[in-house]
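You will see two complexes here that share chain A, one where it goes with chain B and one where it goes with chain C.
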Partner chain A sequence: MADLGFMAIVLGLGVALYAAAGSIAGKVYGAAELVVSARRAAYLTAPIALAGAGALIAAFATHDFSIDYVFAHSNRVMDREFIWVAFYAGNGGSLLYVTCVLAIMSAAAIHLARRRLADSLPYTTAILMAILAFFFLVMVVWANPFSHTTCPGPGGSQVACVPDDGRGINPLLTHPGMWVHPPLLMAGLAGIAVPFAYAAGALAAGRTRDEWADAARVSGIVSWAILGTGILIGAWWAYTILGWGGYWGWDPIENVALMPWLTMTAFIHSIMVQKRRGMFRMWNIVLLNIAFVLAQFGMFINRGGPVVSVHSFAGSALGQVFLGFMLLSLVFAFGVFFWRYRWLKSDRPVESFLSREVAFLLNNFLLLGITFVTLWGVVFPLITEFASDGTVTVATPYFNRVNGPLFLGLLAIMGIGPVMAWRRSSMRSLGRWLLLPVGLAVLAAAAMVVAGMREPLAVVAFSVLAFVVLVILEEWFRSTRARARAGGNWAAAWLGVIAGNRPRHGGYIVHLAIVTVAFGVVGTQFFDQRADLVLKRGESGAVGSYRLEYANLKIEERSDRTAQLAHLNVYRGNDRIGTLRAWHAFYPDFRQASVRAGIRSTPVEDLYVVPTDFLEDGRLVLRASVNPLAMWLWIAGPVFVIGTAVALWPQPALEVRPAKAQVAAGLVRGTA
Partner chain B sequence: MGLTIGVLLTLAAVTVIAWPFVRRRGAVPGGPSSRGFELRRARGDIYRQVRQLEVDHSAGLVGKAEFRSQMDELRVTAARLLREEAALQEGDAGQPLADPMARLEQEIADARAVLAPAQERSPK
Partner chain C sequence: MGILVAALLGFIVLAAGCGRPAPTLEQRAQALDRQLICPVCPGETLDQSGVQIAKDMRVLIRERLAAGDTEEAIKAYFVDRYGTRILAEPPASGISLAVWVIPPVVLAAGAAALWAVVREMRRRAVAPRAEDESLGKYLGAVDDELGTGKRGAP
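On to the complex of A and B.
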C-alpha cells in the first residue's frame, strides 16, 4: 500500500504541474489540443488523489504499521469506526485529505464552467492546479504519509521495521463530531480556492466584467456552507468533549476558520450587487483575495505555525512552507488585481444611502471589521513574542467586548437590509415596512424588563433578534398574500414565493439560522449558572434549580485507557426528572484525559455535568452548569443547511433564443 | 500488488492526457460563440429580474415611481444586450436585427409567462 500511495502522490504532482503549465501554454499559443489535454489532466488529479487516500485508509484497516503515519495514529484496540478519523489525524494524512477534496472540487469546477467560462478557464485551471501541485509537493517532500516506520538499529542508525502495535489515536479525536468537523473545515478552507480561481482566471484572461460572478457565487456559497457547518459541528464537539462547558473559546485555530468564513459571508452578499447592478467589482475581487489568503493563513497557523492549540498539528516543521505559500498567494492575488483594476470600475455609482447596495456594503464593513479584530487578536501575541521576550495572551474578553457590538450591528443590518429596495428606498416605504417589526421588538424588550431581565445588553440583543425574525416573516407574509391573490392556497403561494427567488429566500432561511445561533449565544453568555460540586456516593448538590445526586460509578479498564462512568440522578424539587451519565477516561500513553459531558438538553436550558476528578476517598469532583438556550445553537445547523440548499437550488433556466433567430413566438422557454 | 496498480494508474493517466493529441479537434475554446452564450444568459437574467421586480412591487417593497424607473433601466440593459448579440452575429448572418424593441417586449412577456405561478398564467 505504501508503494501505491507514494506513486499516487508523485503522479499527482506531475499531472497537476502538467495541467497548470499546459493550460497556460495552450491558451497563450492557441494550441487547442494542449488546452483539452491539460483539462483532462486536471480531471485526472481527482482519481489519482483518491487512489492515494484509498491506499492510506486500507493501510489503517489492515494495521500496516510499516507505514509510520499508521503507526503514529492508530493501534489494534482502536475502534474501527475511527479509521476515518485516524486518516486525517496527522499532518500527512490531513494534507492528503485536503488534496483529495481540492482535486475533486477543481475537477467539478472546471467541468461545470467549461462552456460558460471557456475563454478564461485555462487560467482558472492553471491556478487550481498550481495550488494542488503545492499540496502534492508538500506531501512528497515534507509530509509523506507513506514513509516507512523506522526503529533504532545498530550503531545508532535507524532501520525500517514493522512494530507489533501502533501508538494509538489522540483520545480527543475519538468523538462522533470528529467524523465530520475536521473534514468539513478543511474542505471549506480548501474550497475557497475555487471562487478565487474563477475570479483570478477571468482577470488574467482580461474578462473584467461579470462573466465569472455566477460561478464564483455558487462555488463561494458551497465552500462557505461547508466551512460554516464545520465550525458549528466543531463548537458542538468542544461543548461535549473538552469539558470546560463552552463551545467557542476564541482559540487561534477556531479564529483562523472563522475569519475566511466571515469574509466569504461578505462576498456572497456583495456578489449579488455585482450580478444585479454591475457594481462592487473591485471590492468583490478584494474580498475573494482576502478570503483566499486568510484560508492560507489558517493552513499556516494550523500546520506547525507558531500557535499551540488543541486543534493544531503542533510540533510540525511545515509552518515555514505554508507561510511561504501564503505570502506567494498574497503577492499573486493582489498582483493580478492591480494588473487589471482599471477595468474593474462599477457600471454606476451608489444612488442613495437608503438602498440595498449600501445595506450590503455596511454588512460587508461590519463583517470585515469583525474579521480584522479577530485577526489582530490572533497575530498580536505573535508580534509581541517576536518583538520582545514576553508573551502576551489575547483572551476571550477582548474578542467579546470588541466583536460583541459589531455582531449586534450586523444582526440589525440583517433586519433592515431585506426591506431596502435596489437603487433607492423612500423613507415612507421603509417606515411602512419597519413600523410593525420595530414596534413589536420594542414591546418584546419592555416585556423582558417587566419580567425581570436585568441584563441591558441581553434585552437589546433579544429585541434585535425578534426584529430580524419579524422582518423576514413580514416579507414572506406580504409576498405570499400578493401571490395568493392570484388564486390558490397560502401554502402553495408561500412555496411559490420561495421558489420564485431562491437565492434571496434561501438567504432569509440562513438568516433565521444565524438568529437561532445568536439566540443560543446570548442565552448561554448572559444567563449561565455554574457550580463546582464534590460528592460522596448518595450525596447531592445543587446547581440552578436542579439537584444532582451521585448514584454510582462504573470503571472500565482497557489496554489504552481507564474509563470511569458516573451515574447521577437529576431532581427538580423532589421530583426525579432523569439520569445523567458523565464519562471520564485517562490515556496513559498520551498522558491525556478525555471526557464526555453528561447533558440533559431542553429548548429552555441544558443541565451540563463534567466529571473533573475522582478522589481516592471515593468522592467525585464535578463541574456542573445550567446553560440556557444552548440547544438552539445546534438547532441552527439543519436550518443553515436547508437555507443554503434553497439558495443554491438552481432556478429553472430561461432559455433565451439567439438574437438573430427568426421565430414568431416562444422566444423564451423555461427548463426545469 | 500496490506497485502494479500504481503502474496501471500511471499508464491510464498518460493515455487520457495524450488522447487529445491523437484525435485533434479544432480551435481553442472561447471566442465569439461563447460571448454570444454569455449575452443570452445575461438577457435571461434581466428577464428574471423584471419578474422579481414585479413581485416586489406587488408586495409593496418597491414604490410606483421606483418600479417604473427600475423597469426602464432593465429594459434598456436588455435592449443593449440584444443589440450587442445581434452585432456579434452580423458577420454570420449578414442582416441587421429587425425591430429589436418589439422583440424585447415579446421576450419579456414570454419570460413573465414562464416565471409566473401557474394560477397567474391560466386565462381568467
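On to the complex of A and C.
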C-alpha cells in the first residue's frame, strides 16, 4: 500500500508539472494539440490524487502500522467510522486531502470553462496545476504520508518496523463535527485558487474585460459557501466539545480561516457590480489576490507557523516551505495585476453617493477593515516577539472591542444596501422604503428598554438586526403582493419572486442566515451567565434561573479511556424540567481529557453543563452556564446553505422571440 | 429624518444605560475572568479555560473582590506575577499602544481614500462630455416635460 500511495503522489507531481508547462508552451507556441494534451493531463491529476488517498484509507482500514502516519493516527480499538477523520488528522494526510480536493476542483473548473474561456484557459490551467504541483511536491519531499514506521534499532539507529498497535486518534477529533468541519474548511481554502486562477489566467491572456467574471463569481461563491459552512460547523464542534460554552475564540487558526472568508464575501458582492455595470474591474482582481494570499497565509500559520494554537499541527520545517509559497503567491498575484492594470478601466464612473455601487463599496470597506484588524491582531504579537521580550497577548476582548462596531456597521449596510438603486437613488424613494423598517426597528428598541433590557449595545444590535430583516420582508411583501394580484396564491407568488432574480433573493436568504448568527452572537455575548459548581451526590446548585441536582454517575472503562457520565436533574423553581447527561473521559495515552457538554437547548436559551473534575471524595466539579439564543447560531446553517443554493441555481436563459412573431400573435398591443 | 432617528435611538440607548443596576460581585468577577488570560493555555481567557490554574485564579478573583479590592488592583496583582501577557487586551501604552492606534488610523485613511475616489468619479460623471453637449438641449426639454428639474442634480 505504502509504495502504491507514494508512486501516486510522485506521478501526480509529474503530471501536474507537465500540465502546467504544456499549457503555457502550447499557448505561447500555438501548438493546439499540446494545449489539449495538457488539459487532459490536468484532468488526470484528480484520479491520481484519489488513488493516493485510497491507498492511505486502505492502509488505515487494514491497520497497516508499517506506515508511520497510520501508526501515529489510529489504533485497533478506534471506531471504524473515524478512519475518515484519522485520514486528515495529521500533516501528510491533510495535505493529501487538500491535494485531492484541489485536483477535483481544478478538473471541474477547467472542464466547465473549456468553451467559454477557451482563450485564457491554458493560463488558468497552468496556474491551478502549478499550485497542485506544489502540494504534491511538499508531500514527496517534506511530508510523505506513506513513510515507513521506524523503531530504535541496535546502536541507536532507526530501523523499519511494524508495531502491533498504533497510537490512536486524538480524542478531541472523535466527534461527528470532525467528519465535516476540517474537510469543508480545507476545501474552502483550497477552492479560492479556482476563481483566482480564472481571473489571473484571463489577465495573463490579455482578456481584461468581464469574460472571467461569471466563472469567478460562481466558483467564488462555491468555495466561500464551503468555507463558511466549515467555519460554522467548527463553531458547533467547539461549543459541544471544548467545554467553555463558547464557539469562537479569535484563535489565530480561526482567524486565518475567517479572513479569506471575509475577503471572499467582499468579492462576491463587488463582482455583481462588474457583472451588472462593468465597474470595479481592478478592485475585484485585488480582492481575489488578497483572498488567495490570505488562504496561503492560513496554510502557513496552520502548518508549523509561528503561532501557538490548539489547532496547529505539530511544528515542523514545513512552516518555511509554506511561507515561501505564500510570498511567491503574493508576488505572482500582484505581478500579473500590475502588468495588466492599465487595461482594467471601468466602463462607467460612480454617479452618486446614494447608489448601490457605493453601498457595495462600503460593504467591501468594512469587510476588509475587519480583515485588517484581525490580521493585525494575529501578526502583532509576532512582531513584538521579535522587537521586545514578547509579552503581549491579543485575545478575544480586543477583537470584540475593535471588530464589534465594524460588524454592527456591516449589518446596518446590509439593511440599507438592498433599497439602494443602481446608479443613483433619490432621497424620496429611499425614505419611502426605509420609513417602515426604521420606524419599527426604533419601536423595537424602545420595547426592549421598556421590557427591562439594560445593555445599550445589545439594544442597538438587536434593533439593527430587526431593521435588516424588516427591509427584506418589506421588499418580499411588496413584490409578492404585486405578483399575487396578477393571479395566483401568495406562496406561489413568493416563489416566483425568488425565482425571478436568484442572485438577489438567494443573497437575501443568506443575509437572513447572517442575521440569525448575529442574533445568537449578541444573545450569548451580552447575556450569558456562568457558575462554577461543586456538588455531592444529591446536592444541587443554581445557575441563572435553573437549579442543577447531581443525581448519579456512571463509569465506563475502555481500553483507551475511562469515561464518566454524570446525570443531572434540572429544576426551574420546584418543577423538574428535565435531565442532562454530561460526559467526561480521560485518555491516558494522550494524557488528555475530552468532554461532551450536557446541553438543554431551547430557542430562548441553552442550559450548558460541563464536568471538569471528579474529586476523590466523590464530589463533582461542574462549569455551568446559561447561553441565551445559542440555538440560533446553528439554525443559521441550513438557511445559509439554502440561500447559497438559490443564489447559484442557474437562471433559465431568457426566451428570445422575434418581435414580428409577437406582433403577429397579437402579444404587443397598439401595433396590430 | 436620519437625524431624528439617530436622536431617538440615542435617547432610547441612554435610557437603557441609565437604568442599569450596579453589578453584583459575581458579575464583576465574571467581567474580570474575561479580561485575564489563563497562563498555561495560550489565547484562552479564564472564563474559557477548564484547567486547574484557571479555576484557582477564578476563586482568587472572587476572594479578593469580596475582600474589597478593586478590579484594577486585582489586575495589577496578576500582571505583577505573570507579566503583561496575562492581560487579554494589551495595555494602551509602550509598544502595545500600536495595537490600538494602527487599526483606527488605517480605517480612517481607507475611508478618506474611498470618499475621495467616489467623489472624483462622481465629478467626472456629472461633468458634461463633448458628445453630451449636443444632446443637452434635447435632454433639457425632456426634463422640462417630465418636471424633474435640472439634470445632474443629485
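Structure notes:
Here is the rule we go by: the second predicted complex is superposed on the first by the 652 of 672 C-alpha atoms of A that agree within 3 Å, B and C clash if a C-alpha of one lies under 4 Å from a C-alpha of the other, contacts with A are read in each partner's own complex, and residues count from 1 in each chain.
The rule is short, and it goes like this: a contact is a pair of C-beta atoms (placed from the backbone, for glycine too) under 8 Å apart; a residue touches a chain by one contact, two chains touch by 3 or more.
Just so we're clear, the structure is a prediction, and the values are computed from it rather than from any experiment.
Placing chain B and chain C on a common chain A by superposition gives a fit, with no clash between them. In the superposition on chain A, A:556 makes contact with neither chain B nor chain C. Look at A:385: by the touch rule set out above, it reaches neither chain B nor chain C. Once chain A of one complex is fitted onto chain A of the other, the partner contacts of A:81 are absent, as it touches neither chain B nor chain C.
With both structures placed on the common chain, the touch criterion links A:396 to chain C but leaves chain B unconnected.
Touch criterion met: A:424 reaches chain B and chain C at once. Using the contact criterion defined above for the overlaid structures, shared-chain residue A:115 touches chain B, although it does not reach chain C. Contact with chain B, but none with chain C, is seen for A:26 once the two complexes are overlaid on the shared chain.
The gap separating chain B from chain C in the superposed three-chain model is 8 Å, by closest C-alpha atoms. Chain A uses residues 424 to touch chain B in one structure and chain C in the other. Interface residues of chain A facing chain B in the complex, by the touch rule stated above, are 1-5, 7-8, 11, 15, 18, 26-27, 30-37, 40-41, 43-44, 47-48, 51, 55, 114-116, 118-121, 210-211, 275-276, 419, 421-426, 428-429, 432-433, 475, 478-479, 481-483, 486-488, 493, 496-497, 500-501, 651-660, 665-670.
Those residues of chain C that touch chain A in the complex are listed here as 1, 5, 8-9, 12-17, 19-21, 30, 33-35, 37, 42-45, 47-50, 55, 58, 83-90, 95-96, 98-99, 102-103, 106-107, 110-111, 114, 118, 121-122, 124-126, 154. Remark: chain A residues 243-244, 246, 249-252, 308-310, 348-354, 358, 361-362, 365, 368-369, 372-373, 376-377, 380, 384, 387-388, 390-398, 401-402, 406, 424, 431, 435, 438, 442, 445-446, 448-449, 453-456, 459-460, 463, 530, 532, 595, 610, 612, 621, 623 touch chain C in the complex. Across the interface of their complex, chain A is touched by residues 1-3, 5-7, 9-10, 13, 16-21, 24-31, 34-45, 47-49, 51-52, 55-56, 58-63, 66, 69-70, 82-83, 85-86, 88-89, 92-93, 95, 97, 103, 106-107, 110-111, 113-115, 117, 119-120 of chain B.
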